[in-house]
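Would you mind keeping the following structure in view while I ask a few things?
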Amino acid sequence: MARIGIYGATGYTGYELIKLLVRHPEVELVFATARSDAGKRLSEVFPTMIDQPLVSVEQADLHAVDLIFTCLPHNAPELIPLVQRALDAGKKLIDFSDTFRLNDPDDYARRRGRPHPAPELLVAAVYGLPELHREAIRHAQLVANTGCYPLTAILPLWPLVKAGLIADPEVIVDSKSGVSGAGRSLALKSHFGEAHETFSAYNIGRVHRHLGEMEQETGLQIIFSPHLLPVYRGILSTIYVKLQPGISADQVRAAYALYRDEPFIKLLPEGRLPELRHVQQTMYLAMGLQQVDLASGRYIIVSALDNLLKGASGQAVQSMNLMLGFPEPLGLI
Amino acid sequence: MARIGIYGATGYTGYELIKLLVRHPEVELVFATARSDAGKRLSEVFPTMIDQPLVSVEQADLHAVDLIFTCLPHNAPELIPLVQRALDAGKKLIDFSDTFRLNDPDDYARRRGRPHPAPELLVAAVYGLPELHREAIRHAQLVANTGCYPLTAILPLWPLVKAGLIADPEVIVDSKSGVSGAGRSLALKSHFGEAHETFSAYNIGRVHRHLGEMEQETGLQIIFSPHLLPVYRGILSTIYVKLQPGISADQVRAAYALYRDEPFIKLLPEGRLPELRHVQQTMYLAMGLQQVDLASGRYIIVSALDNLLKGASGQAVQSMNLMLGFPEPLGLI
Amino acid sequence: MARIGIYGATGYTGYELIKLLVRHPEVELVFATARSDAGKRLSEVFPTMIDQPLVSVEQADLHAVDLIFTCLPHNAPELIPLVQRALDAGKKLIDFSDTFRLNDPDDYARRRGRPHPAPELLVAAVYGLPELHREAIRHAQLVANTGCYPLTAILPLWPLVKAGLIADPEVIVDSKSGVSGAGRSLALKSHFGEAHETFSAYNIGRVHRHLGEMEQETGLQIIFSPHLLPVYRGILSTIYVKLQPGISADQVRAAYALYRDEPFIKLLPEGRLPELRHVQQTMYLAMGLQQVDLASGRYIIVSALDNLLKGASGQAVQSMNLMLGFPEPLGLI
Amino acid sequence: MARIGIYGATGYTGYELIKLLVRHPEVELVFATARSDAGKRLSEVFPTMIDQPLVSVEQADLHAVDLIFTCLPHNAPELIPLVQRALDAGKKLIDFSDTFRLNDPDDYARRRGRPHPAPELLVAAVYGLPELHREAIRHAQLVANTGCYPLTAILPLWPLVKAGLIADPEVIVDSKSGVSGAGRSLALKSHFGEAHETFSAYNIGRVHRHLGEMEQETGLQIIFSPHLLPVYRGILSTIYVKLQPGISADQVRAAYALYRDEPFIKLLPEGRLPELRHVQQTMYLAMGLQQVDLASGRYIIVSALDNLLKGASGQAVQSMNLMLGFPEPLGLI
């Protein structure tokens, strides 16, 4: 049994992660930290969960575990020192924030407008996308868990890039996400009266913090429009891409053959498009393909996943399985 | 044109109130106050609303208006001095909080565990329920707008009380409310991830702050169970009552004849029960009647209303029409 | 008082239309037809509505009215004869279906793959978009009420077309609609269990039946992706357009000056984007503008409306006001 | 590996059942029948499911399996012959309908107004509630899976009945259910536009078809008010009961000690009440207890479960585990 510690157990991703770990046959949860709920048991916060005590960061014993998940809020000041400490102690670590996802400190600095706080960690970290970086994840000590939105663009686009089919590097990604993506912290935009029975766009164009990951992994120039759906979980993205003129749908499908053995990717048959309910509570990224016009090479791809599973906590467990030498889908089916 | 001022224009009830006043042919909105949004225009907060400037409480000119609505949060410390000042200036005032709804300072003290902060105002205030206190409202200077939950119990029960049909004074009121009833202030229970696609009971038994109004107006002993629905607006209550044994459904219906000319009460025909969608965005309280057992006198009443209209802002406009001598339903159809 | 008849009163658009007509000061509803509910009163179908009798199509007296609304399902076989009969009797008529929206019978035949069943009516009909065809509507006998989706594209794009700002005629319109757009007829895709807490795309590319209207009115080539939102009412469209390189946001805004006096169009200020809740239960089409990149001329426009009001029944009343000589916004504010 | 057959795989309960069986380590799905989808694969109906072929009832080989689940619609005419055939062939069978839930043919006849179509099967069948009938289920050939609503009343009430604490046999059960309880068949009441963002009561009083089970198992007289929530899954019931005067909350809690070792029952601590989100996607029935008044013995119990898991398919797997000699919670955690 591998021994696991979680920093940040009471947010939505921490909570989903614990549900997965409880069902995983080869791991044991050693500690789980919380801020305001430290001192309680997890079952007091969520009555049908396990009785796991929630401890403060100070009370958590780094040395008692083999692998650590950090599910802290973006920009939590304790993150960098904590990661440094864990790595120095020889522990493996999977981080859920967007701190370590870019490969290049200069790219980070350009996109964020300030230098990375720990560039040597950034360089050492592996982007936690098993379908693209399986071997690197197996040998990584620090894995940057992927962002939820970027997966819905990278996984459908990468085979087309690899096959050289893309004619215009400017690609439009129109994404729609459930509210759980905004986390459990209170904010007017996540208030029931402002998020329910409505729909809105935000941070559209070239400004969202997830843009960097998408462009790094695909080499494309992405116009990205995130929207907020009145559902709890799931992201669906509609992707507008121009392929080489005259490329047939069969040729496009052939490019996806490299995903044939992937346990968690489903390319739907001709004429089917994924819906959120198909992927909610599952580990699948599902995608469908629609040719608009053969001559012009215009195609639309629709992709969908559960932002808390394949888009966050399940993805992290998939990486954990690789890092600990377990079968990759263990505990995830 | 009557001149109107609103204190607290950016909460959900203030906002609904302004929508009604904009459509009302005989009133003019003179000022509207806000806290954090003071200095903006209403259309900056809500793009399809009017351009009304939002001012601070200090900037609002009490003397420029004929009638004032106070839509402040419960327990706002500025409420009592503000009401006192308005009444001293000879203005009419309709208050949305539960500060002035009980008639008897002793009852207030017993129920809240502390004396009323301004008992002479409490005694002077009229409970703003036109169907029961129409004449008193016409001549009142201070009206306490009704609570949203209590209406769904008082209006169905009062005719039965008046007709002497109730055999057991203990009545169960199982109420289900949309989340807008909890207001626009941030709280974990109104966070989308905790209130959406779920359902819960809270403050059940004999503890909810709305219990006093219900018992005062009906003289009954109410067991009250509020629940939170994952909808924005509307309250539906299921009421369990024991009438005199052998009372027929027709006899019960006859008791409701006193509502025959009420513009906003609908007693549904035999076999129909109200649904929230029937009353949302309307001023109606609708109710349906189900006999369980003739011999025992067991009846179930289901009542429904829009908590922001008949249950709050529309009810206040109905009282305003009475206080200002306008036709009672003016601007409300 | 103008006398009005409605064919098809119990669908969602018929129902919304009646709510508007009840509040309209200058019209009187003379008849309303229904299929399975003929013989009942409207208040039996929907308890808080008026007592209007519902009659069969045969019982409706065409001669007793001045203007007719036909709110029948798409492809209802009785539509063409009924319209012909009404026009022959000298009545004005506003049709809600997509039968008469294209101007050119050849365009219709090409897009639908079959000739129009009454080409002379198609030619005579005016497309019911007041912002573009106000004078023609004033003098029309037959008006084809606009489709709900097309408005969200035509109204934002037309000023840019008119000003000659569009560089690439291929425009992407990614639209998201509430389920009421699919009507009240039973279908698995509108079943609660399949439409709730999910999200999906359908008929994407160049196949949706609303494409023709959009291309006719704008002269552009539209790639149109409709999606189904788990909300009842409202459409939000995200529009990707390439303008002339180097066009500033101010220049773009200037193109919209022609909407300055339009009662129901709101161009939001810099930095604001419309949300569904801003326009639900209102007559407004709201839009926001986002520059992606000055050099390339890439812009994103987000538009939103209530599909049952500005997108259907309210739009029809706006046209009715023009046809009957009433002030255009009468009964719609 | 036990071999399993399912009749009716494409309804909501059949679908949930298959998801559970796929994860169960000791069973193998041999056949799954469907009506209109026979001939397809399950993955064609639901893209992220297994490739299981869907066959017609005629194509299913009864002899190839050890245990059968019948998830047919209530009153499916093929049910009784199919059950008879399976039992004659020596197979074990768990039926999801309400055909075999009552023990007494006379009780059935009185409640339904017609004799039972196969009274000898009714007498032979065991009511599939492990917490009350564990041993009988172990040895049963035919198990009648419990109704979803009844569980929320029987499990909280039975310990009080057993301990002799109930003073008044008339108990009020006010239940609120997600729409999935109404199944996947098309009906106006499950149409998105009629079930979403609303709330309603139906069949209240003493008329619902689930009343018999509740009264049979508890011996009480239940007033039952079902309501329809705008959520997909989950039932929450608020139960009003009069216990012996002067019974303390601790005494009441003591009565629940008999559930101490139950894997799927959670009695929440003092002051906590269950919410739907606590039990959705889980096997738990959770309950909370509220004393209204010590002197009168008035208590309110709130109970909640996932109607598709503990309330249907998970419950059936729990019984299957007993019937096949597996550990009771196998595959359900």
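Going in written order, the chains are labelled A, B, C and D, and every chain counts its residues from 1.
Going forward, contacts are C-beta pairs under 8 Å (C-beta built on N, C-alpha and C of every residue); 3 or more make two chains touch, one makes a residue touch a chain.
Given the structure is predicted, the values throughout are model-derived calculations rather than measurements.
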{"item": "Third chains touching both chain B and chain A", "value": "C, D"}
{"item": "Pair of chains joined by more contacts [C-beta pairs], C-D or B-D", "value": "B-D"}
{"item": "Far-end chain from chain C, centres as C-alpha averages", "value": "D"}
{"item": "Centre-to-centre distance between chain C and chain B (centres being mean Cα positions), rounded to whole Å", "value": "37"}
{"item": "Between chain D and chain B, distance of the C-alpha-averaged centres to the nearest whole Å", "value": "39"}
{"item": "Separation of chain C from chain D, taking each centre as the mean of its C-alpha atoms, in whole Å", "value": "46"}
{"item": "Shared interface positions of chain C, touching two or more other chains", "value": "197, 230-232, 274"}
{"item": "Contact graph of the chains (line, ring, star, complete, other)", "value": "complete"}
{"item": "In the complex, chain B residues that touch chain C", "value": "22-23, 44, 46-48, 197, 266, 268-269, 272, 274, 278-279, 281-282, 284, 286, 333"}
{"item": "Parts of chain D lying in touch with chain C, wherever the complex brings them together", "value": "12, 179-180, 184, 186-188, 190-193, 195-197, 230-232"}
{"item": "Chain D residues within the chain B interface of the complex", "value": "172, 174, 176, 194, 197-202, 204-206, 223, 225, 227, 229-232, 234, 236, 238, 240, 273-277, 280, 290-293, 298, 300, 302"}
